[in-house]
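Here the chain labels run A, B, C, D, E, F, G and H in written order, and each chain numbers its own residues starting at 1.
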Amino acid sequence: VRTGYPEVIYCAGKTPEQIVGILRNMLARGTRNILGTRLSQEAFEKIAPELEGCPLQYDPLSRVLVVKREAVEMPETHILVATAGTSDMPVAEEAAITAETFGNKVERIYDVGVAGIHRLLSYTDRIMSANVVIAVAGMEGALPSVLGGLVDKPVIAVPTSVGYGANFGGLSALLTMINSCASGISVVNIDNGFGAGYLASMINRMPMQR
Amino acid sequence: VRTGYPEVIYCAGKTPEQIVGILRNMLARGTRNILGTRLSQEAFEKIAPELEGCPLQYDPLSRVLVVKREAVEMPETHILVATAGTSDMPVAEEAAITAETFGNKVERIYDVGVAGIHRLLSYTDRIMSANVVIAVAGMEGALPSVLGGLVDKPVIAVPTSVGYGANFGGLSALLTMINSCASGISVVNIDNGFGAGYLASMINRMPMQR
Amino acid sequence: VRTGYPEVIYCAGKTPEQIVGILRNMLARGTRNILGTRLSQEAFEKIAPELEGCPLQYDPLSRVLVVKREAVEMPETHILVATAGTSDMPVAEEAAITAETFGNKVERIYDVGVAGIHRLLSYTDRIMSANVVIAVAGMEGALPSVLGGLVDKPVIAVPTSVGYGANFGGLSALLTMINSCASGISVVNIDNGFGAGYLASMINRMPMQR
Amino acid sequence: VRTGYPEVIYCAGKTPEQIVGILRNMLARGTRNILGTRLSQEAFEKIAPELEGCPLQYDPLSRVLVVKREAVEMPETHILVATAGTSDMPVAEEAAITAETFGNKVERIYDVGVAGIHRLLSYTDRIMSANVVIAVAGMEGALPSVLGGLVDKPVIAVPTSVGYGANFGGLSALLTMINSCASGISVVNIDNGFGAGYLASMINRMPMQR
Amino acid sequence: VRTGYPEVIYCAGKTPEQIVGILRNMLARGTRNILGTRLSQEAFEKIAPELEGCPLQYDPLSRVLVVKREAVEMPETHILVATAGTSDMPVAEEAAITAETFGNKVERIYDVGVAGIHRLLSYTDRIMSANVVIAVAGMEGALPSVLGGLVDKPVIAVPTSVGYGANFGGLSALLTMINSCASGISVVNIDNGFGAGYLASMINRMPMQR
Amino acid sequence: VRTGYPEVIYCAGKTPEQIVGILRNMLARGTRNILGTRLSQEAFEKIAPELEGCPLQYDPLSRVLVVKREAVEMPETHILVATAGTSDMPVAEEAAITAETFGNKVERIYDVGVAGIHRLLSYTDRIMSANVVIAVAGMEGALPSVLGGLVDKPVIAVPTSVGYGANFGGLSALLTMINSCASGISVVNIDNGFGAGYLASMINRMPMQR
Amino acid sequence: VRTGYPEVIYCAGKTPEQIVGILRNMLARGTRNILGTRLSQEAFEKIAPELEGCPLQYDPLSRVLVVKREAVEMPETHILVATAGTSDMPVAEEAAITAETFGNKVERIYDVGVAGIHRLLSYTDRIMSANVVIAVAGMEGALPSVLGGLVDKPVIAVPTSVGYGANFGGLSALLTMINSCASGISVVNIDNGFGAGYLASMINRMPMQR
Amino acid sequence: VRTGYPEVIYCAGKTPEQIVGILRNMLARGTRNILGTRLSQEAFEKIAPELEGCPLQYDPLSRVLVVKREAVEMPETHILVATAGTSDMPVAEEAAITAETFGNKVERIYDVGVAGIHRLLSYTDRIMSANVVIAVAGMEGALPSVLGGLVDKPVIAVPTSVGYGANFGGLSALLTMINSCASGISVVNIDNGFGAGYLASMINRMPMQR
């Protein structure tokens, strides 16, 4: 049952009171590290005063809460999180913070969409040195295809709901990614940064877990 | 009424007899050049013997028929037709032959999908020298986005029905292209090589037509 | 790299502070002309006082911001922007102001939907004299087909989200335009006035840029 | 219980034997006029020899069978059937023959799609003189909008499955027609020529039936 | 040119000021009767004081405004408006008031959905006496099929967005109606009471207009 | 686990050889009764000679195979299978034969679509006497709503792929049924006669199984 | 006409005044038990003071109102309501309270999604002892398939709109359930707890009603 | 650039002649191992005689061709390929043979759909011992969710087009998988066994490649 891992709370649809209850319960059971996703700023502000003494880090961009009371052993290899645009950053940070909290080094390269291919390629060395790649993109969602062609490492594609018109809330980017010609690519749900970060961590930490 | 231009026959859903009738009628009216699209090999073989003496060129890959009896004056600038895969070639050739028949120089760069970005970029000089770009792609349909970012010329994106599974007969590629972040891109119907070739010709020949 | 062109800011999803930062940065780098799209009235009102001395023009209908400090050389030919209804005007103005800011003469003919074909045709002379046409329509989206049949110039079709019921946020108009029988038509994303204006400018200014 | 009307057989999915059985049964009951729709040429050829002595008229284009043994009284006013393209003719003829068999004068104007608006308008007098209009179109399906704007009579819009790519088997044309801005338009199922012809007849014959 | 008819204003997306302007303009031109659709209560309350002396009738349920200063001659026959549920009444009233304003007697039978078939059939006599039927239904949208089978008069089917879950904003009801087996049925856009009322009036008033 | 029940083979996608193998295996294990669904006529003709001595009943309409070597005890109550059209009969018979083979009396009322409501209601007594109702319909799929309103017993709705145009392979009927206002209705997959027959049997045989 | 049963009010889209009116009317007619669904907290608070003396129970989670003035005779057997997650509880409670109000014992097992199969299976005995199962799930909607395989009793599957991204408001879960391989499963509308509870009651109470 | 790996040919849409050409070219360049996917039996039979002397293994179920002339070093850990039904085997074998050809031990567990959860769980030990899991399922596609909950290893979900009715060619299974609540799951295209096998190999061979 995943010892050493943080416990996770998916806060969407939970009241601040419920979240405080779950947190207290986890802390009482001795859980050292906790990750809370989809927590609104308002909810965090109601929660914080209730948990004095507990080290809460909240990131308003990704709406992620981290309780980190114990260092987690980390592999040497690292995970790369790349985004097509700046608007994809909330999802990317959900992925990055998830991976970090589960015990991984994470490198970020943001705003490197394929419409500016030379900018993307200027990061080739850093891209090639990653052990797992998380590629986050909305609108046409083409970034994972280009990255999947560059690296011979797993690429986890995260479609985002960023865009307008015929993006259909991220469906367009999802279809692009599922149809990718590049090999080594697989896809998670629209805006599911957590799922991508968790899977990337699982792959990156494989040598430590066997 | 577009003088100088070839006349066009859209052969899908027409019988060989109907097509022969239309061709004879055009020839009788003095039409010098004719373009027939979506003509099956079988239909062509029934048509050819009926029109002896008339110079028919048939391309089985794109299913295009050309009657060329008069040279068309051409602009110096040229059109580039690029495809992501080899399976996109029938649509690309429909575009290329259309553009040629309407009086344009056409350069072809095929099988340069974004999953092999270095192969695509090895053609940068040839890409940059084009006056109009036609980008043909199925599956994830990401090629126009990369080309649109490279060039500062109009890019006509043609989604194809190439692919399987969640490509939904080309809808996936169409949505990718419509949502492209790169500027200067516009989109025609799935597999509509003719439409792309015609529009590219219209843009490329603008200085000659004013 | 597009010298002479304005720089562009896509303001959707950016805070007023971020936009002020980007604007100051551009002005500091010596950028003469700037176009900002999708800027809400509220955001503009927060931005204006921060940039005193800089000539800001804001159009609340299209939510476009223009900084114009230098005239741009213009071709003789002009772009026509036509709409089916009055509700399509915000998108049309985004296109028109974009084209003007990039250095083009623009003519507007609004509320000429195909359900009133004689009204549309009463503008035939003005329609025929354009070098590029931008056709903006929601609901059934039929305007580009009629215009594409009238003119022998490129028609850029812009579907809008105007309508209700089975318009599906503009998808219905998008499909109409993509399936158009008229030749010389291509399509951009739903409500993407900027994309249409940019592409129209690119085509109209071709003789000046070669 | 619709006296005077023909009886109708929808032949799709019925064997020739079943159809012969139904026809014999109707004839035995004294039915004077019969309309059979969606009858394939092969099926007709098996049926014909079984029903010698009965006046069978079969139209292979629309796949309609008519048994007409009695004239039907007709109103003075007539129904117009118009199509956008020649490929829409099978559906249009299903509508036209249905209306004729139910006792109506029918005028046909085919291949008058909106991309050639002057050709369509050259028929204005004939269009204006109709009492009910059936507008048949595939691809972008814009014809009913233009006709609905011209006439002040009911326009029955029939989307067809004609087209390719993003026409989605007629869905694109159906959505166009349902979203039409012109008033006086209503829509039947894709390729449902019979339904349009029946409804048009019902409206046109109203003064005779009250 | 529709003499005798009211003029129509589609108020959605227009400001109260714009609507006052259009109304004043129509009144100044001598228009006797006016119909305004999709006018919110708030907008009406801003408009009313500006048009003192002009007889404004506003119906908050259907959000329809009527200016009636002149009686319109009416045919003997009448139009029936039926709804499946009480939630469909706003759309039904838009249809009914439209038909009345254009000069028709209208009978209403509401809340007679097919899940209570005996209640529906208890109105058989009133249903059979109508000259045109408008059938308004959301959710499964089955009412027009049953009515279409009962009467031998045109049935105009209006899908509504009433429902939840897999009703997809009225798409489910629209598809039901378009696929109806009953003959004499045609369909207008989701929630388009105006369109149905206008078309019903056109058919019902045919003998008066010839 | 399910003693007394027949064993079931879903034959779609299995070769005749595989089916013979499964049948022999079941017979060898002592299975008395067997139901095979989706078995083509061709496959049956290859299977029959291989299983001489075993009593095979094959119904080509529903493509169902039954091996019945033992009577199954039956409850007094019965299941009603109703269809909207005759084209829905293959699916209805799959349901009916399934229910019979699992030990139930089944009554059939076919071709009672809601467009002929009086014909449907002429069977009211027989409808009211059923213990479970299976309502099978394609196109607009409205039959279950009417039946669900009539009876106070469970109605299992089976959408069929019968129809054309906007029926989208049965999706239209599925949506109609899922959105039904009548209570006591639930839905199985398009064309899933087996699933409906099995569930109806489970409900009807409840008193025997407790 | 369902004697003994509660009367039901679907409160969505009704004003508090209308609901009070309907309630008073029912009470005046002597109705003993009443079930109101989809009633918001705000509406309840306006209704309660108007109905003093009448025993109103309101559940804010499921938004269900119950008036229970008379015990209903209950069968020995019971209904199980299971959910995949805690966010599915509002829909599950609508189902459970409906079934209880119509006279059934209900057991609840919540938060037993298939991603934690051992937790689900730890309830096997309680699952196996139910007479009818209601399985409520959003996101991937897989719970009914597992339950349908475990039990040989009817499983009513309720898709919920819980989830994000490609859940499309519950469509994803609906499709999963409709395509289930397990037999004995049928499906109701997204979030339709009432429909599931009503149908489960109908099946569970069958021995009492014959 | 992927040394040691086999080269891959995607044979769909290529003629036997083209495939022979590509194979000869690869062999001439010294490629030791080759994988060909989507090769029909007919095409294989035309190819085989042309390549005598070369060790061709063809699997008609998965339509995969393997040329294996050199052993590939393998990691100790292995990949598990599981399917929900027997009809999913072609896709599963494409995945399994791909993984084997790229140098991995593969274990297969087929026909363990979630509707028979005890059968699936009887393989728990073998499931838990895998290093990477490929879960292949059509229809409701729930298998990956259950497996993802059981194992703490990456699960690659492959939707298949197996099923009928509302499976929409695999879209239903794809949506189920993308919406999975279990963590560690990612998804590839419908029927994309190759993509899953390739990605699984990449992950499983990570320790060998660093």
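Following the convention adopted for this analysis, contacts are C-beta pairs under 8 Å (C-beta built on N, C-alpha and C of every residue); 3 or more make two chains touch, one makes a residue touch a chain.
Remember, it's a predicted structure, so these values are computed and weren't measured experimentally.
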Chain F reached from chain E - shortest hop count over touching chains: 1
Interface composition of copies chain F and chain G: same or different, split at half: same
From the options B-H, F-G or E-F, the pair that copies B-C, where over half of the contact pairs coincide: F-G
Length of the line joining the C-alpha centres of chain D and chain F, rounded to whole Å: 36
For chain B paired with chain F, centre-to-centre distance based on mean C-alpha positions, whole Å: 51
Numbers and ranges of chain D residues touching at least 2 other chains: 165-166, 171, 174, 178-179, 183, 189
Those chain pairs that satisfy the touch definition: A-B, A-C, A-G, A-H, B-C, B-D, B-H, C-D, C-E, D-E, D-F, E-F, E-G, F-G, F-H, G-H
Chain C contact footprint on chain A (complex, rising order): 87, 162, 164-166
Chain H residues within the chain G interface of the complex: 84-85, 113-117, 121, 139-142, 145-146, 148-150, 163, 165-168, 171-173, 175-183
Residues of chain C defined as touching chain A within the complex: 12-13, 159, 161, 169-171, 174, 189-192
Residues of chain G touching chain F in the complex: 2, 77, 131, 152-154, 156, 174, 178-179, 183-189, 194-196, 198-199, 202-203, 206-207, 209-210
